[in-house]
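The structures considered in this document are given below.
Presented sequentially are two complexes of chain A, the first with chain B as partner and the second with chain C.
Take a look at the complex of A and B:
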């Protein structure tokens, strides 16, 4: 897994996974449709990415689908990093 | 006709998909007043069945209390049926203000404003007191009505892991640049039955200059030595900036809610909270009944003491039977089954045994956290609890779940 995906995955574990939650999360685990991140808590993930990479993700692009897996989040970040 | 066949078909398909997903909600008709034992028609058209009610929010057993019914009758006679007005035009009677003052005194706050429901209170309060310069930091398990209220408010929103004080502290540090920070939590969490760590939350609020908001709907009237709520239990009466609560659960169970707290914040709600400004006043009959509720709960702690004793008895009974419970001390006692279908099957079998309890599963609770939520009342007598316990033992044996912990239950039934 590349550095970007690993960083996002680490954040997901740190921010969303409870201590007694033994679910395994990898880069393809559905986060929102799988009930790990609710669409409301997604805001903190968006802000983390924006601060970390000094990018702006417009609300229209920050859809639950775009935030559903570490892979799709990494793609979104790449897109705006290069924009 | 605007409601075309295509539109009808589309809605029917959507309803069918809700049914297929096992998420379809239907009502059961109760043919008498709310109590520990009720007569239920279910399914619709079936013969009435007397069951023990293990799923009401009737914590103090006041929903059908004779004195409250009498007081409500008197209210109807003296103050009429309705006011045909919002509060600030011509919908405020002397008894509305009297009830607000009684609630203020009971909750240990500075002022109180009634709302048609606590759902409305939560929908209106954040927008009335916060702006886009502020941040709301909510526990991840707060009630849906709080989430809705936060969505209506322009302040930034953030959340912390359930009751995780380290995570909350990190968020408070992160948001020091905002004008105001508001920590938002339930007092008792409605699905898990655990209590917010309000003493630690208040300490963090003082350290990081934050306001504290608590929805105490599942606590007002019975948590704490004199039933004031979780703030009493945690020794922080007077330190909570906003408390919202309901008259629709322990406090008579009819309807109505309130925002109570710092005088200026309550006044801001009176000026700006849209559900207060644009919906009808709480009906006089409800206010009259609620005033009697306040008399009852402030004159004696007998009911909340009985509820506490019943809760301890029930927790011990289910633990002895070998069921996996969520730890806690509130009268919300969740029996954990983890698998959604198992929760539904167990609830159905319990009903056949004369026990009315409901299974909860995703999306009401997180995925893989399905459960039967039981709720204890001061209306329950020990024989009710014994009968319900016996039904749990019988149904538990049938499914082979007794003595199994989380790991074994998930291994056996899946998540």
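Take a look at the complex of A and C:
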């Protein structure tokens, strides 16, 4: 897994998974539809990415589908880093 | 022909005894929601009918007949009895939408306990406030949420048992048990507790402008409202496959995600999943869902994906759509006609009302954007905001009042009778919402009459957020208000002054957001934080939320003569 995906995955574990929750999450695990990150919490995940990478993700691009896996989030970040 | 037939005719002749009769209930009889949703349906010859189709994101699936429901709820009721739980004690369900949530709810009611469902995304502080207030005896939870219970359990002397539905025996701590329903001996026969009309049944917490959340206490007689509204508004029939999106941590998820459909002997499908457009449509297609009860926030998310996505799936099984939680805008009603060939019917009600009170009905003309008309048996009026007398001039905005006496009206706020009594003025239950009524008798929602924030169809109290914000080391003062949001109607915005030594920054902004999300819930998390030098206050030192809210909504700020720092 590349550095970007690992960073996102680590943040998901730190912020959205409780300490006694032994679910395994990988880069393809559904986060929004899987109930790990709800649509309200998605806003804090988006804010983390924007702060970390000094990017702006327009609300129109921040759909539950775009945030559903670490892979899709990483693609979104790459797109706006290069914009 | 719909179940209700002619709204006008039903309204003219309606009496709640019609529902009582269909439920086989007469005044003074035993009535138990748990038994009426299971045993009674089996006695009607539907024991082998599918009651419950469940699946989750991981692809697990379960199917239960009404007889399965009967036996499994017996088993849970017996298990609680064996644990020494007494009738009237509060049993909390702190679970995702797993089967044990639905079965547990009815099992608790069967043994005479009071079911206290709580939204599983609540943080430890929100959980503590509600469980502490209710002096809850037992919590059902699951591994992913048990850490929140463990953080607060030592401050909950009334809590005797923590039942973990997917727990590991080797990881249990004091007062904890694994609750594996599959491994318990099925209880075929169980003498359900003989609850009567006014026996407490369900305790749902709801937020207000001031103070901590209050527990709206319902009774078993609420079934009389929930049964007939599910039949007439949701138009449920024997052949339907019904899907309610609501989480049973909130009142819609119990009144119409458990009680209403099953009291009508209807098959319901449940998807334990977060939002995903294609997954939702696939679920409808797969189970041939016919009646769908959703929420404006979800509908607006589906709208964002467009009609093309809907067109990729066979949604032809759908025949009736309803919505609840916040006003359904006209655009969403019109879009659903285009996407599904059917309009969403808006329904208005509250935790306190226990069942729908003002709604749109199958067969009645929908005025897009309207709340509809009062349910037969409900007397609703627009009241003058100061005199609380009904206003008769069409289009006049006032507060919504309901004449007390419908079966599912809450009976008190748990341990807060004073607050309960304050909701009744001049012989009306005052809902706290503003609306108008047109010349045809349709009600039109205008907004809240207080500072409570309606976000994604859920009420969040500003006081709870402000109190939690003050627990953050950097925050000196805070105010929380709702700001407009295209999807959720409102989201939380916080205004914060910082203590000496702290400076506004993007990292501090995110840290405070996450702090509130974990302490309270994702719903309560401010989606915007504005760091300010001072907050507007009255001369007596009270923060003027109203002014901040008006600023966010672009509304007139009104009288500011009492403003202290208005220079």
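Throughout what follows, the second predicted complex is superposed on the first by the 83 of 83 C-alpha atoms of A that agree within 3 Å, B and C clash if a C-alpha of one lies under 4 Å from a C-alpha of the other, contacts with A are read in each partner's own complex, and residues count from 1 in each chain.
In this text, a contact is a pair of C-beta atoms (placed from the backbone, for glycine too) under 8 Å apart; a residue touches a chain by one contact, two chains touch by 3 or more.
Note that the structure is a prediction, hence the values are computed from the model and not measured.
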item: Touched partner set for A:72, first chain B, second chain C, both or neither; value: neither
item: More chain A residues in contact - chain B or chain C; value: C
item: Touched partner set for A:63, first chain B, second chain C, both or neither; value: second
item: Touching partner for A:44 - first (chain B), second (chain C), both, neither; value: both
item: Partner chain(s) touched by A:34 [first = chain B, second = chain C, both, neither]; value: both
item: Partner chain(s) touched by A:23 [first = chain B, second = chain C, both, neither]; value: both
item: Overlapping contact positions on chain A, where the chain C interface meets the chain B interface; value: 15, 18, 23, 34-36, 38, 40-41, 43-44, 47
item: Residues of chain A touching chain B in the complex; value: 15-16, 18, 23, 34-36, 38, 40-41, 43-44, 47
item: Residues of chain B defined as touching chain A within the complex; value: 140, 147, 150-151, 156-159, 161-162, 164, 362-363, 366-368
item: Touching residues (chain side chain A, partner chain C) in the complex; value: 15, 17-23, 30, 32-41, 43-44, 47-48, 51, 63-65, 68
item: Partner chain A, residues of chain C touching it in the complex; value: 57-58, 96, 121, 143-148, 150, 171, 272-279, 301, 304-305, 455-456, 488, 506-507, 509-510, 513-514, 517, 522-523, 525, 527
